[in-house]
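Sharing a structure below in structure tokens format, with a few things to ask.
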Amino acid sequence: MLRDARLIAAKDLRIELRSKVTASQILPFALLVLMLFAFALDPDSQALERATPGLFWVAVLFVTVLAVERSFSLEGGDGVRDALRLAGLEPGGVFLGKFAALVVQLLVVEVVLLLGVLLLYSRDLAGVGLLAATMLAATAGIGAAGTLYGVLAAGLRVRETLLPFLLLPVLAPVLIAATRAFESALDGVPSDGWPWFNLLAVFALVYIGIGILTFGSLLEES
Amino acid sequence: MSDMSYMYLGWGVPLVTLAVYSASLVVRGRALSRKVPAERRRWTS
Amino acid sequence: MEPVIHLRGVVCLLGRFPALAGVDLSVEQGEIVLLQGPNGAGKSTLLRLCAGLQPVATGTARVLGHDLATESHQVRVRVGLLAHATFLYDDLTVADNVRFWTLAAKADLDDAQRAMQRLGLADRLAEVKVSRLSTGQRRRVAIAILMARRPELWLLDEPHAGLDQDGRDLVDALVREAAEVGATVVIASHELDRAAQLAPRHVTIVGGAITAITADTAAGPAGVPEHQQPEAVRSAP
Amino acid sequence: MTTPQAISASHPAGVRAPNGTGSSVSRVLGVVALAAMGLLVWLAFVASPRDAIQGDLVRLLFLHPALAWTAYLACFIATAASIQHLRKGTVGSDILAHSAVELGAVMTLLTLVTGSVWGRPTWGVWWVWDARLTSTAMLFLLLLGYLALHRIDAAPEVRSKRSAVLGVLLVPNVLLVHQSVEWWRTLHQDATLLDRQFDFGTSDLFMFTMIFGFVAVTLVFSWLLLHRFRVGWLEHQVESEWLDEAIEARRAEAHAESHDGTPTTGGVAR
């Protein structure tokens, strides 16, 4: 299973290297969202600074929807879904592979976004340990849920509208937990944030588990 | 508005909704069962 | 010995459409069979079914000794399906695609390299993105991946379509070589003159059911009764 | 080949089938549920006195928590049926899950409405970001998502399989959303505003009416679920009836074209 996961993840990342869709479209979009928030909340008031953690994670959720759609539009091409089944790949491995590639791309975007909010919204970096742990756990949860819901919507004519509707309510706990954890980290009270990290870890584990278990029947269908 | 009028609203909306929903189920069931042969709609309970 | 393909009363649905409406067919090991019939007759669906990609609605279907209803995943890894879709990632190069699909199927990379050489993909084209290729070139990549898998059952859907003269000859040679080493081949084709030279047995499918099975030793379209020839062939030059 | 029409035509009098979704058991259940609801209304509005703290507003609390309970019950049924569908692939489990979700959505909406109507005189606003209210609203959105996925235009097996995966996720999602919202709110205020403003222990009649509310609403829920399931079952039957005809039509194509073809046989009953 891990061998198949590595193969799929390497393939997805290679496609990204060759097509650079994340780098040239999704990443600039994320930065654009940061600008839009500044327009909406007057930058001279303190609103922007206070809302930084929440705005960061809302931006990440927007990016997630795009990244998930991209990830599964790859598999929508020219009978690829059939080919994956014909290759006899382990479904759990396919899930983990797609998951890993998505997480790597999201993490890259998040690091750039974090630098963006620190610079643009004039926050100081604090609580780096909690920030990094939150980012990893939250991204694992987002990636697992995104992969699972991505394949649920994949190949349907209504996928562009269905995916955000299905995915975003489910990611609400991640948004809440990651935002609170970031708040505590940036405010310099990391001890308040660790329970939120635990919640994020539970979320990620639940979704990875269910993903591995159910991906088989989702690939199986005609 | 008095507290009692909120109570009538709070009870009325659910009761009416459930009644309408029930009626719609019965009507849909009647309409559909005309299209389905009797063999396939013998309810065991 | 059990036939490689053994279908009894197979019904197969595409959404709500019964693409196969009760098919009976047996194909023995090492046979080369030509599947013919008009457009929409169910040829492609039959091949996809045999590859384990299409659920069996009713009837029994056994391929390579496995029941498709329960063990289709054991069948899939042993067949090679050349379909209308080429199963390629547009954003990857030819070499990337061949490498990925070969590893995915746990096949041998050296075999894949030899297949690419034989199909003229090893040199200039290897580093070209698949999205830049012509239809015929894409078909060649798909065939190279198929060869590397060394399937026991080849299911070829219009294998000559889109290929140049050289490519068509190559396909014929590959089919003969596969049969020589004991593989079974089913070809769905409208190019009856070419396919008939390969396949001694012709199966006609119309309206999702098999209407005729003719075993010709005198190969060629003349061996098939006129009324069974599909429209496309009769009007062909 | 025997079509279902042929079967029913050959036993016109031998089959006793109802002309709808009712049956003797469901009729009894329906009457009992209706009587229980009537009794509940009487208990809530006539028998119960005003609450010392809440006044007349307490009367809504005989209904609101019971509605919320059936909404959660529907989620558990939907998840259990979805797991069953993924394991066995039976049609009935998909219909049950879909019925439970649809009913759950109705119950969740009513929970929100009653909570909001109760909140307006209590807090002076229709909506507060109370933990329980917020997580109920999220539950409503999750259920709408399931219904949207179940409505997609795709092959029936694809639709039910994808919906089943979503159904399996329903209970974990509800728990995660609930937990996160609860913590989120406890940072700023008490977890829920509903619990602390009245006191049950004082009156046995309050206690009884409260519990009776759960019983009555659960009875109504069961009746609705039973009938919704049967409607779904009938819909499935109507949908699958085309199959025999479609195969017949497809075969006719073959027979029209072939003169000496081997006739194909095979049962095509589903």
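Every chain is named by a letter (A, B, C and D) in the order it is written, and numbering of its residues begins at 1.
Methods note: a residue touches a chain if its C-beta (ideal position, glycine included) is under 8 Å from a C-beta of that chain, and two chains touch if they have at least 3 such contacts.
Treat the numbers as computed from the prediction; the structure is a model and nothing was measured.
In this assembly, C is the chain whose CA centroid lies farthest from the centroid of chain D. Looking at contact counts per chain pair, the maximum sits at B-D. One finds 54 Å separating the Cα centroids of chain B and chain C.
With each centre defined as the average position of its C-alpha atoms, the distance from chain C to chain D rounds to 47 Å.
A separation of 32 Å divides the Cα centre of chain A from that of chain D. Mean C-alpha position of chain A lies 42 Å from that of chain B. Contact with two or more other chains is made by no residue of chain B.
Counting partners per residue, chain D has 154-155, 157 as the residues that reach two or more other chains. Multi-chain contact residues of chain C (touching two or more other chains): 55.
Per the contact rule defined earlier, chains pair up in contact as A-C, A-D, B-D, C-D. Residues 148, 152, 156-158, 162, 165-166, 169-170, 172-173, 176-177, 180, 195-196, 199, 202-203, 206, 210, 214, 217-218, 220-222 of chain A touch chain D in their complex. For chain C in complex with chain D, the residues that touch the partner chain are 8-11, 13-18, 21-24, 55, 57-59, 204, 206-213, 227-228.
Interface residues of chain D facing chain B in the complex, by the touch rule stated above, are 4-5, 7-8, 11, 15-26, 37, 41, 44-45, 55-57, 59-60, 63-64, 67, 106, 109-110, 113-114, 117-118, 120-121, 220, 223-224, 227-228, 230-231, 233-235, 237-238, 241. Against chain C, the residues of chain D that register as touching in their complex are 154-155, 157, 242-243, 246-247, 250-262, 264-270.
Contact residues on chain D toward chain A in their complex (touch as defined above): 86, 138, 141-142, 144-145, 148-149, 152-155, 157-158, 161-162, 164-166, 168-169, 172-173, 176-177, 179-181, 183-184, 187.
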